[in-house]
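Common to both upcoming complexes is chain A, partnered first by chain B, then by chain C.
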Partner chain A sequence: MKALQILIDGFAISSLYATGAIGFTLIFGVSGVLNLSHGSIMVTAAVVAWLVAGSFGAGAYGGALVGIAAAVIVSLVTYGLVVRPIQHSRTIAREEKEIFVLTGTLLWGIMVQEAIAYIFTNNPKTVLPLIGGVVNLLGVRTPANEIAIAAIAWIAMGLLWLLVNRTRGGKALMAAAINPRGLTLCGFELGSIHLLVWTIYGVLAGVAGVLLGSFLGVSSDNAGQLTASAFSIVVLGGLGSVTGSLVAAYVVGYLESITAYLVNPSIRTVPVLVLLVIVVYLRPQGLLGRR
Partner chain B sequence: MKTGHWMLPAAAAFVGLAFNAANAAPPIKIGVIAESSSVSGASIPKAAQLAADEINAKGGVLGRKIEIVAYDDHNSATDAVRAFQRAAREDKVSFVIASYISEVVLALEPWSARLHMPMITPGAASDEISHNIYKNYNHMKYVFHGYLPSTFIADSVCDGAKDLLVDGHGVKTAVVMSEDAAWTLPLDNEYLKCLPKIGIKVLDHIRLSPDTTDFTPIFNRIEAKKPDVIITGISHVGVQPTVQWAAQHVPIPMFGVSSQATTSTFWKDTNGATDGVAFQTVASPGVPVTPKTNPFTNEYTKKFGATPSYAGYTSYDDVYMIADAIKAAGGTNPDKLVTAMEKTNYVGTIGRYVFNGKESPFTHTFKVGKGYVTGLMVQWQNGKQVTIWPPDVAQGKMTFPSFVKLPK
Partner chain C sequence: MRTRNIFLSALGVAVLMALLPFLGVGGYVLGLLTSAFYFGVFAMGWDLLFGFAGEVNFGPSFLIGVGAYTAGLLNHYAHWPIVACVPLGALAAVVAGLLLAVPALRLSGPYFGLVTLVAVLLLQNVIVIFAGFTGGEIGLDLPDVLAISSRVNYWYALGLATVVGLALFALSRSAVGLILQASGQDAVEAAALGFNVVRHKLAAFCISALVSGLAGAMLIFYLGTVSTDSVVDIAIGVQVIIAAVLGGRRTILGAAVGAVFLIVAGELLRPVGQLSSFIVSAVALLVILFFPGGLLGRVIVREGA
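And now, the complex of A and B:
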């Protein structure tokens, strides 16, 4: 019974982790940027969805869509206002740019987080569930929304797979990850590819944020934790590897769930951190990393 | 002639200046340190400002205005200590109203003693705050505990549980679920003592991390013990356990302390998941605990768009008590202020405040019981906070959503 509960609960949480982390790894793969404002973007999506669904009466679906749109906007602003100026700056030395981007996105993330706390308080908000009620799943009382969350997360990831593998823009995206210079030589505009990847990222982070908000509730205080969790997953899976992130998200999700159910919910993230240290020691390129 | 031209206006200006200076004697400053981005903390400076505005509109204290100087401590003891030092040394405040977090207040206590800066907390609950004053009165006497100590809160919950749960619904067993924090140590201790006394057997005692986001494993563990009720002690967490309790249809009622549920925005924050949650508090919107409760709640709601949290009521009363003490002390001398505060006999929004003296281990906490401050049990019902206990002020009966099952 408990095993089944862990299986169901772990699956939902892992699917959410995967959706958030895949966007994060995609940006790193394509443009070499570690976006440390990731958690704040997810929180923005959840809080906007909560606001629009509740205060403006747009309902669960309207709120969710506006929430995702908000994440895309913040994502593009992050790129346009923070990342791009640093990448194009002539005064910052090339080898220092990565550090500048890292610090820039970190500070930007804190600014967004503080703004949300200032306007809406740091009290957690919960997004209206897309589906209400509970379902009896082989004897485990499961909120119907939890099943919907896993399904939507997988649909979002499925669409991403189609986009990357079946469309011209998507293929260019993958090519940019492998050899950006080659791509420019073929006549592709690297700038528009970056714009595309930040948009895709915004959608994925938004979906993850809204779903997390309806599943567990999200507070501006969670921003740092969400970034750290995406970062851990991506490092564990191998930087830039989408499949690696997917696998790692499930490893992290299930390890956390098993710890919370069988040991103690207060230490649910500890075994993941231990695993991360071990992987970094023994296999620094991550589970499925290329380098 | 020429000189006369400018001398007249100059003399008039001089007289005017002198008059202004007399009229505007320097204000008496009260520092307010609280986390402004949390629901419970945000009420503290707002309510204090409301009280100061009212006092000033009636002419102030000793012919001086009261000025509230607010500091945001971001829920950090370090920030709070820095704010406290600044309030005392640079901003020259005469009294500090500080925080609803026990950890923060415990960190400020020695500074209040060292700097001889009188301080009162409108919302922290740990017993240690008053025990520290008791153990070292001459040094620590500057600290006042303006909220119920945890032990008294637990007793109040048990009193309510006896009438509502044991006598009303035949409840026999419970699991105690509290967040791991300074204020819940004495709370849980008292729960574990007072629940068996009223006939409720405690089957399990869970202390959860305030960082917990997924409460499913915790509810899972509680359900496995099959208790009749969950007795709560939560303040740092609130929205998430409540929403998950409702989403998962956990069939056990939640009853006890849930500080975030005291504010009116909690219904919206939880999308109504709080329906049926019963919580202990000292005052509630619409309940005339004293003749001052409703006017304050209405004025606050009108001005800030939401009802005050529990710490708002006490913060508002604190400013009035401080103003009275300044009047009685004839100024802002800290030792005289402390003596004057100790003689407080003031009917505020939550009851009559009379502080325990140095002979009580709960030094400088207010007296609890009939004729003083008593607790209420309030329950969220269809978007409204309904007082369900004690019977003399109850607005309605306790009722739960259909997924909750009670023995009878």
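And now, the complex of A and C:
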């Protein structure tokens, strides 16, 4: 009974983690950027969805869509205002760009987080569930919303798969991850590919944020934790590897659920941290990383 | 500017600062500057590792926290005097730093950063899990304090910041500093030139740990309490990083200026309440985007570099 409960809850939370982390890893793969404002973008999506669905009476679906749109906007602003200027700067040495992007996105993330806290306070916000009611799943009473969350997360990831493997833009995107110079030689504009990947990233982070908001509730204080957990998942799976992130998200999600249910909810992140240290030391390229 | 001139100007500034309490500056401002100086030491220790060795340490508060908690627990439970607790705290930070760095330095870039970040989160979790012993999130009261007088506390902090600042600055301008810088910028070439890159980076990490632990241990005897919020939390580490980048990387002394700027700005912005960290972050971001060298970047650039 408890095992089944863990299985179901763990699946929902893992799917959420996977959606957020895949966007994070995609950006790293294509443009080599570790976006430390990730958590703030997820929080933005959740808070906007909460606001639009509740105060403006747009309903759960309307709120979710506007929330995702907000995440896309913040994501593009992050790229246009912080990442791109640093990448194109002439005064910053090439080997130092990575650290500048890290610090820049970190600061930008704090700004977004503080702005949200200032306008909407840092009280946890729970987004309206997309589907109400409770379903009896093999004897476990499960909120229907939890099933919807897993389904939506998987649909989002499925669409991403189709986009990357079946469309011209998606293929160009993968090519950019493998060899950006080769791609420009073929006549592709790298700038538009970066815009595309930041848009896709915004959608994924937005979906993850809205779903997380309807599942557990989100406060602006969670931004740092969300970034850290996406970072951990991505490194655990192997930086830049989408499949790796997917696998790692499930490892992390289930490890956390098992700890929370069987040991103590207050230490739910500890086994993951320990596992992360072990993996990074023994296999720095991560579970499914290249190199 | 020449190394000698910078050294002398920094010393001059320190002497002027030491005279502040006689110029009618009140206890409130002195208290503010006292915490700023401790932060300055954290930031200078971080800059040695980042600016010179080229390693991003996301967990400066791991080293600070280990030093602070070792000293705090010894003082609270064993009632050891401060003069014993502080060096032991610094030593513990070096040992913990070595345990972290020896395996971690095989990693590079984001991986090293992540491991240092995880170290902080683990330390914080351990402290909270053993709350009965460590005081958890509420913190642990310390029976001893450095000094009652705000002037004396101010001089302790200023003295530490001056000694550490000048020592690290001298180190950064020495041959060792150059080798570190070379290892940070191109590890392969530095190794090809016959320098032991790992050993130099490890030494930088130990020195960084030593000063962070030392300042962390002294800070808690100034505060009179040791808690995760004041010495371990990720937010502390973020502040240290912002201070160092704001002041100017690879300048050591800039990091101290950045820390003072950050703390004073945070205090001046107190009337705007929650917006203060927004504004501070925005200013730091603008500095990074438009003056990547930082506040002191133009002044303290090595000739020919």
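For this structure, a couple of remarks:
Note that the second predicted complex is superposed on the first by the 291 of 291 C-alpha atoms of A that agree within 3 Å, B and C clash if a C-alpha of one lies under 4 Å from a C-alpha of the other, contacts with A are read in each partner's own complex, and residues count from 1 in each chain.
Criterion: a residue touches a chain if its C-beta (ideal position, glycine included) is under 8 Å from a C-beta of that chain, and two chains touch if they have at least 3 such contacts.
What you are looking at is a predicted structure, and each value in this text was computed from that prediction instead of being measured.
Superposition of the two structures on chain A shows chain C fitting alongside chain B with no clash. Looking at the shared chain after the overlay, A:Val82 reaches chain C, while chain B stays out of its contact range. In the superposition on chain A, contact of A:Ala151 is made with neither chain B nor chain C.
By the touch criterion defined above, A:Leu159 reaches neither chain B nor chain C. Once chain A of one complex is fitted onto chain A of the other, the partner contacts of A:Leu4 are absent, as it touches neither chain B nor chain C. In the superposition on chain A, contact is made by A:Tyr118 with both chain B and chain C. Judged by the touch definition given at the top, the superposed model places A:Ile110 against chain C, while chain B stays out of reach. Of the two partner chains, neither chain B nor chain C is touched by A:Val135.
By the touch criterion defined above, A:Ser266 lies against chain B and chain C together after alignment on the C-alpha atoms of chain A. Superposition on chain A leaves chain B and chain C with their closest Cα atoms 5 Å from each other. Of the residues of chain A, those at positions 117-118, 266 touch chain B in one of the two structures and chain C in the other.
Interface of chain B with chain A (complex): residues 37-39, 42, 180, 208-209, 211-218, 220, 238-240, 243-244, 247-249, 260, 265, 268-271, 273.
Partner chain C is touched in their complex by these residues of chain A: 34, 82, 85-86, 89, 91-92, 95-96, 98-100, 102-104, 106-108, 110-111, 114-115, 117-118, 224, 228, 231-232, 235, 239, 266-267, 269-270, 273-274, 276-277, 280-281, 284.
Listing the residues of chain C that touch chain A in their complex gives 50, 56, 103-104, 106-107, 109-111, 113-115, 117-118, 121-122, 125, 128-129, 185-186, 234, 238, 241-242, 245, 273-275, 277-278, 281-282, 284-285, 288-289, 292-293. By the touch rule above, chain A contacts chain B in their complex via residues 2, 5, 9, 13, 54-55, 117-118, 121-129, 134, 141, 143, 145, 216-217, 219-220, 222, 225, 257, 260-261, 265-266, 268.
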